[in-house]
Each structure stands twice: as structure tokens, then as C-alpha cells.
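After this come two complexes, each holding chain A, first together with chain B and then together with chain C.
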Partner chain A sequence: MSDLIIVGAGPAGLRASIICARNGLSVTVVDEYMKAGGRLLGQLYQEKDGEWWNGLQESERLYEEALSSGVEIKLGLSVIHIENSENAWTVHTNAELLTSSYLLLATGAAEAPQPIDGWTLPGVMSVGAAQVMTTVQRVKPGNAGVIIGISVLGSAIAMELDMAGIHIKSMVLPKKTEFNEEFANPLHVMESLSHISHLAPSKLIQWSSPLLKWKYMRNLSTRFFPKRGFKIWDFPVHLRKAALEIVGESKVEGVKVAAIDINGNPIEGTEEIIEADFVCIAGGLYPLAELAALTGCPFLDAAELGGYVPLHSEKMETPVDRLFVAGNITGIESAKVALAQGEVAAYSILQHATNHENFKEKVNRSVENVQQIRDQAPLSFNPHINEGRKKMQNSWNEWLNEHTKSSHLA
Partner chain B sequence: MDRINHHPILGERPKKEAVTFTFDNTTYVGEEGDTVAVALLSNDIRTLRHHEESGSARGIYCNIGHCFECRVTVNDIEGCRACLTVIEDNMKVESGKRLPNPLKQGGSFDE
Partner chain C sequence: MILCRCEEVTYETVRATKEKYQCDARELKLRTRAGMGYCGGRVCRPLLDKISQNKNERLESQVIPLKYQPPVRPITFQRMQGDHHG
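On to the complex of A and B.
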């Protein structure tokens, strides 16, 4: 039995494990991937100051630091069930049973599937899959690809593929359906892209960003957006083209696209085939939170956070005794925020476990640190993240009021 | 597909030992640390199975264990995720095949 089991060896989980182990807790980290790092592994981008953020290196550093702090890390082990009884957690995996007093869920995020005709053909993959294949595994996902979906995540990954010498023929919007307005409507997409204008050297995007604040101008700029697309980095981005279908006999051969009007509706007679041997679907991320549901933890549905999120305080505690959360399971944000949240969770767990006065102070300071890092983040997956965090805090307060149980960290 | 040996930021790809395994009784060579999905893609194989009912070809989708599209049989254990299984020497990998569905042949129930 260990003091703490952490599910997820990403930035939040590893950071928390290091702090807890260094302060005397016995810590076991479980992750089903064969390498530690989680989604951090594939991240590679240049920051505002010109420095490169190398997720592979950061992951290795965290992993080594955790090992040298005495953390036990079990990779290639999948958690399939969780039970809470008699002041102990029992974590069922595909190979063994693990037990602990405290449980930290740092399971991260998964990519939201965006179905489109032909998407089961071999050669179609999520952008995250192509990112891992390229940057972590160093095998080309294909020679020439099309990315369906224009988003912050998709653009960052497209740039990674481009860097590795993989030809991105174009980025297009998905065909509009009843369910994907936010991904298929050129105006919505342009608004979300305006938040990464500083990352896009494209003059056009930079020029248009200040104008996007007014809906009228936004309409205008989309209407005048060149049909041939514009270039972000080295590949054309088409806000006026949508993928209707992925075509191929037994594997991807191309994507059928059509020009679209300002509302995202395809214009008849404009269909064409873009040849490609792979296709990436960029649908955005959602918190991977099933394990929290197994514990009976209540959830809040908040679009700003990426979907259903386990109820938690800013100290990363949940309504379930001895259950804590950190990282993208609490809302989709950058790896740096996840690292900072891992710190909060660690100090909260330490305070709960030891009742030491000095951890209280560290909890408060690390909570402030999360907000500072959030404010400095080079890109945010959702521009309304602060509203999402506020909603969560309100729900937490409501829950506290309804239940006589006072916050064990208060 | 080619391996990415040179990378402007990550540098040269480190050399790794060869690992020999079979996929549907054909022998392939991958590298130490490769997953089944990576080793097969580097041998230009994208189709990992055929759908149980429709027989349509399937490959990786998420590449990190979430979607279960890449399930294969590894050393006689069914339902292993090709994207999470690291290859070993003499590993036997088999693709999923279309299963018989004799009751469907006559058409749908509403006819």
C-alpha cells in the first residue's frame, strides 16, 4: 500500500509525484503509455521569446526527477476500475491491484472525434496521432496530407509536421453538420484563430485580428477572405473550403472538398479532390474523466473547460474524501498550467496527510501561481477559460454550502 | 513510410537495434522501442484489421490508446492495441478478420 497513487504520468501527475515524494510520501504513478510524459511528449513549438518548448525533453526531465525522488512509476499499465473503501483506494489495473490512502487523477485529455464520411479508412488519424508519430516516434504519418479542422491545436501540430518535412497540402474546415457549428462555421473558426494571431506570421491574420472584435467587421473579413486560402507558416489554410468526404478504396487517396459560403454551406459545382495519402482530423480536446465518475464524484459541464469536468476547488480537492485532480482532467489548458496544478494538488494532499501548517501557505501560493501562469500562457485552447474556472469555483462553493462538510483544507 | 532521421530541432534520430516480428505470418523488421503500429507503418502497412461485421479496412486513429481502432491479436491474445504494444523479437501479430454473419444475408428485418 502506498500513501498516494497518481493516475497519469503527464506534466500534472509527474510534478505532483515529485513534490509528494520529496516530502516523505510513498508515491506510485500509473500510466498506460509506455513512455512517461502524456500529451506533453509530442509538444514542440517556439515561444514568444524565441525559445523552443521541447515536450520530449521536458518529459524526460520530469521522469528522471521523479525516479530520483523515489517515485515508483509503472508504465504500460491500464487502470480499469477504482474502488474506495475503509479509508483506502483500490486501483484495478490490467495486471495487478494497487492500494493507497490518497488518489490523484491526472488523466489529461482525449481528442474529440469529428466523424466525416470515409474517416475509418486507414490513413485517417487524429492530429494528435500524427503529432506523436512524427515527433515522438519519428515515422512519417504519410507523405502528403490534408488537415480537416482549423484550430489552435491543429495549427500547432501542422507546424510540427511541416518542420519534420511532411508536406501539408492544405487545412480545410469540416463539412457543416447539425453538431459541429463551432468547427465548421468560418466566422466562429476565425474568431478562435484570432487568439493565436501572435503565433501566426501571416500578415493577413495579424492584420485582421484587431478587426475581429466587431462582428460586422468579422463578417466582412471572412467575406473577403481569399478563396485560394492564405498561408500560415508554409501551407495554405482555407476558411472558404470544407471537406465533404475522405475518398479511397482501401486506404486514403484524397479528400473531396468544396467552396463554402459565409455560413459554411457548400457551393454546388465547386467540388474538387485534393490528393493525399493521409488525413488528420482536428476536433479539439476534452477532459478524460471517466475514472472520476467511478468514484462517485459529481461533475460540471462547462464548455469553456472542454466538457464534463469533476467538481473541484482551486486547491484541486474534490467532494470525494482523499480524491484530488490536476491537469487537463480539470479543463483543457497548456502543459505549463498542468505543471502548476500538479504542484497545487501535491501541497493539498501533503497538507491533508500531515496537517502541517507550512503546507497551507504553500497551497495558497501555488494556487496564485496557477493563475499567473494561465495569464502568461502563449496560447489558450479556449479564450473564455477564466469564465470556466469561475463557474467551477461557484459550483464548488454551492456544493460546500449544501453540504455541512467543510472544506478539509479551509 | 520513412523514418524521420533528421529533424531541424530534435536533431538526428538515435540508432536502435533491429527487432524481428511477424504480422499475418509475414516477417517484418522494426526497431527496439517501436510499437506494433509504428513498426508496421515504417513497413508501409496501414491496415491493421478488417471490421468484424462490414470487413472494411481499419488502421490507427488516435495512436495513444483511447480509440481501440488498432486492436490486433498479439501472441494469441486478442484485442491488444497496436499503438500501445511494444514489439519484441519473434512476436506474433495477427490482424482481425471479418467474422461470418450468416443471419444478415437475407436482408434486413423490415423487408
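On to the complex of A and C.
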């Protein structure tokens, strides 16, 4: 039995494990991937100040630091069930049974599916899969690819593929369906892209992003957006073309695209085929919260955070006794925010477990730090993230009110 | 267009079932088997949620519409039976 089990060896889980272990807790980290680092593993991009963020190196550094702090790390182990009873958590995995007093869920996020005709053909994958193949496993997903979906995450990964010498023929929007209202709307996509303008050397994007603050300018820029697309890195991005279907006999041979109007509706007679031997679908991320759901933890559905998120305070506590959360399970944000949240969770757990006054102060300071890091984050996955955080805080306060009321009555 | 790969259920089937029975996500799952395959709904769950719910319902709910049940990852029957003695 350990003091703390952490599910997820990504930035949030590893950072929390290091702090807790260094302050005397026995900590076990479990992750289903064979390598520690989580989503950090694939990340490689240049920051505002010109410095490179190398996720693979960051992962190794965190992993070594955790090991030398006395953290036990179990990789390639999937958690299949968790139970809470008599002041202890029982964690069922695909190979062994683990127990602990405290549980921290730092399970991160999963990629949201974006169905399109032909998406089950071999050669179709999510952008995240292409990223892991390229930067972690060092396998080329193909020779010439098309990316369906234009997003911050998709663009960052496309740039990585490009750096690895994989030919990206173009990036197009998906056809409008009931599943992707926002992702298929040129105006909405333009707005979200304006948040990564500093990553794009293209003068056009850099020049236009301050102007995008005004809606009518956004309208104008999409209307006059060059039909042949523009180049962000070395590949054309088409805000005025949508993928209708992925074509191929027994594997991907290309993508059928058409020009679209300002609202994302295809224009008849403009269909063409872009030849490709692989296709990436960029559908965004959603918090991976299945284990929290098994505990009976209440949820909040907040689009700004990426979907259903377990109810939690800014101190990373949940309504479930001895259950904490950190990282993308609490909402989709950058790895740096996840690291900072890992610190908050660690100090909250330490305070709860030891009742030491000095951890209280550290909790408060680390909570402030999260907001600072959020404000400086190089990648903002959702421009309205602060509203999402506020909604969560309100729901938490409501829950707390009801809970203290009812316990007074009892 | 396939929605649930494990059980090979198409979008057209799920949509038609929704129109015919006006059902929630769970009933949609039971009627079509979408989300009941090997992967435990890892891929199609968010899509079933979207098809079966209107936006107002989503705002009210504090519960994820399709219940998660253990095991949340595929395991062998042998492992399931011998959980404690691995």
C-alpha cells in the first residue's frame, strides 16, 4: 500500500509525484504507455522568445527526477477499474492490484473523433497518432499527406511532420456535419488560428491577427482569403476548401475537396481530388475522465474546457474524498499549465495528508502560479479558457454550499 | 459512413434509430450496438452523445450521458476472473 497512486505519467502526474515523494509520501505512478511523458513526448515547437520546447527531453528529465526522488513508476500498465473503500483506494490494472490512501487522476486527454466518409480506410489516422509515429517512434506515417481540420493542435503537429521531412500537401477544413459546427466554420477557425500567429512566420497571419479582434475584419479577411490558400510553414492552408470524403480502393489514395462559401457550405462544381497516401484528422482533444466517472464524481460539461470535466476546486480537490485531479483531465491546456497544476495537486494532497500549516501557503502560491502560466502560455487551445475555469469555480462553490448545508442538517 | 468500428454500425443506422424512437444515448446504444464493442466506445462515445442530446439537456446534466463501466480497457477473461491472483 502506498500513500499516493497517480494515474498518468504526463507532465501533471510526474511533477506531482516528484513534489509528494520529496516531502515524504510513498508514491506510485501508473501509465498505460511504455514510455513516461504523456502528450509531452510528441511536442517540439519554437516559443515566442525563439527558444525551442523539446517535449521528449522534458519527459526524460521529469522521469529521471521522479525516479531519483524515490517515485515508483509502472509503465505499460492500464488501469481498468478503481474502487474507494475504508479510507483506501483499490486500483485494478490489467496485471496487478494496487492500493493507496490518496488517488490523483492525471489521465490527460484523448482525441475527439471526427467522422468523414472513408475514415476507416487504412492510412487514415488522427493527428496525434501521426505525431507519435513521427516524433516518438520515428516511423513515417506516409510520403504525402492531407490534414483535415485546421486547429492550433493540428498546425503544431503539421509543423513537426514538416520538420521531419514528411510532405504535407495541404490542410483543409472538414465538411460541415452535425459533429463539427465550429471546426467547419471558416470564421470560427480563423479566430482560433489568430492565437498562434506568433508561431507562423507567414507575414499575412502575423499582420492580420491584431485586426482579427474585430468581427467585421474577420469577415473581410475570410471573404478575401486567397482561394489557393496561404502558406504557414511549407504547406498550404485552405480556409476556403473542405474535405468531402477520403477516397481509395483498399487504402487511402486521396481526399475529395470542394471550395466552400463563407459559412462553410460546399460550392457545387468545384470538387477536386488531392492525391495522398495518408490522411490525418485533427478533431481536437477532450478530457479523458472515465476513471473519475467510475468514482461517482459529479461532472461539468464545459465546451471551453473541452467537454465533460470532473467537478474540482482550483486546489485540484474533487467532491470525492481523497480524490484529486490535475492536467488536461481538468480542461484542455498546454503542458506548462499541466505542470503547474501538478504542483497544486501535490501541495493539496500533502496538506490533506500531513495537516502541516506550511503546505497551505504553498497551495495558495501554486494556485496563483497556474493563472500566471496560463496567461503566458504559448499555445491557447481555447480562447475562452478563462470563462471555462470560472464556470468550474462557480459549480464548485455551488456544490460546496449545498454540501455544507446538508451536513449541518445531518 | 461507419460510426462504431467495433460493431460496424453506420451513421445512417444510428440517425434513423434516433428519428424513429426519439431515444437517449443509452437506448441508442442498446438498439444499434454502437459503443458496445471491444474498445468500450473509446471512438464513438462522443458521437453517440452528440446525436442523442440536445444542447439544453447538456447544460443541466452533471452526469456523463453514457455510463462508464469497468473494465475501462480491454482485458482477457482470464485476467477478469483471476484479478487478485494474477
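Just so we're on the same page, the second predicted complex is superposed on the first by the 404 of 410 C-alpha atoms of A that agree within 3 Å, B and C clash if a C-alpha of one lies under 4 Å from a C-alpha of the other, contacts with A are read in each partner's own complex, and residues count from 1 in each chain.
As a convention for this text, a contact is a pair of C-beta atoms (placed from the backbone, for glycine too) under 8 Å apart; a residue touches a chain by one contact, two chains touch by 3 or more.
In this text, all values refer to a predicted model and were calculated from it rather than measured experimentally.
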Partner chain(s) touched by A:T120 [first = chain B, second = chain C, both, neither]: both
Partner chain(s) touched by A:G307 [first = chain B, second = chain C, both, neither]: second
First (chain B), second (chain C), both or neither touched by A:A110: both
Contacts of A:P141 with chain B and chain C, given as first, second, both or neither: first
Chain B versus chain C as contact partner of A:E32, first or second or both or neither: both
Which of chain B and chain C A:V79 touches, first, second, both or neither: second
Touched partner set for A:Y102, first chain B, second chain C, both or neither: neither
First, second, both or neither for A:W89, with chain B first and chain C second: neither
Partner chain(s) touched by A:K251 [first = chain B, second = chain C, both, neither]: first
Set intersection of chain A contacts, chain C complex versus chain B complex: 32, 78, 110, 113, 120
Of chain A, residues touching chain B in the complex: 32-34, 44, 52, 54, 56, 76, 78, 110-111, 113, 120-126, 128-130, 132-135, 137-143, 163-165, 250-251, 288
Contact set on chain A toward chain C in their complex: 32, 78-81, 92, 94-97, 110, 112-113, 115-117, 119-120, 178-179, 286, 289-291, 293-294, 298-301, 307-308, 311
Complex interface listing, chain B residues touching chain A: 1-10, 13, 34-35, 38, 41-42, 46-48, 51, 56-67, 69, 83-84, 86
Complex contact set, residues of chain C against chain A: 1-3, 5, 11, 42-44, 46-47, 50-51, 58-59, 61-64, 67-73, 75, 79, 83-84, 86
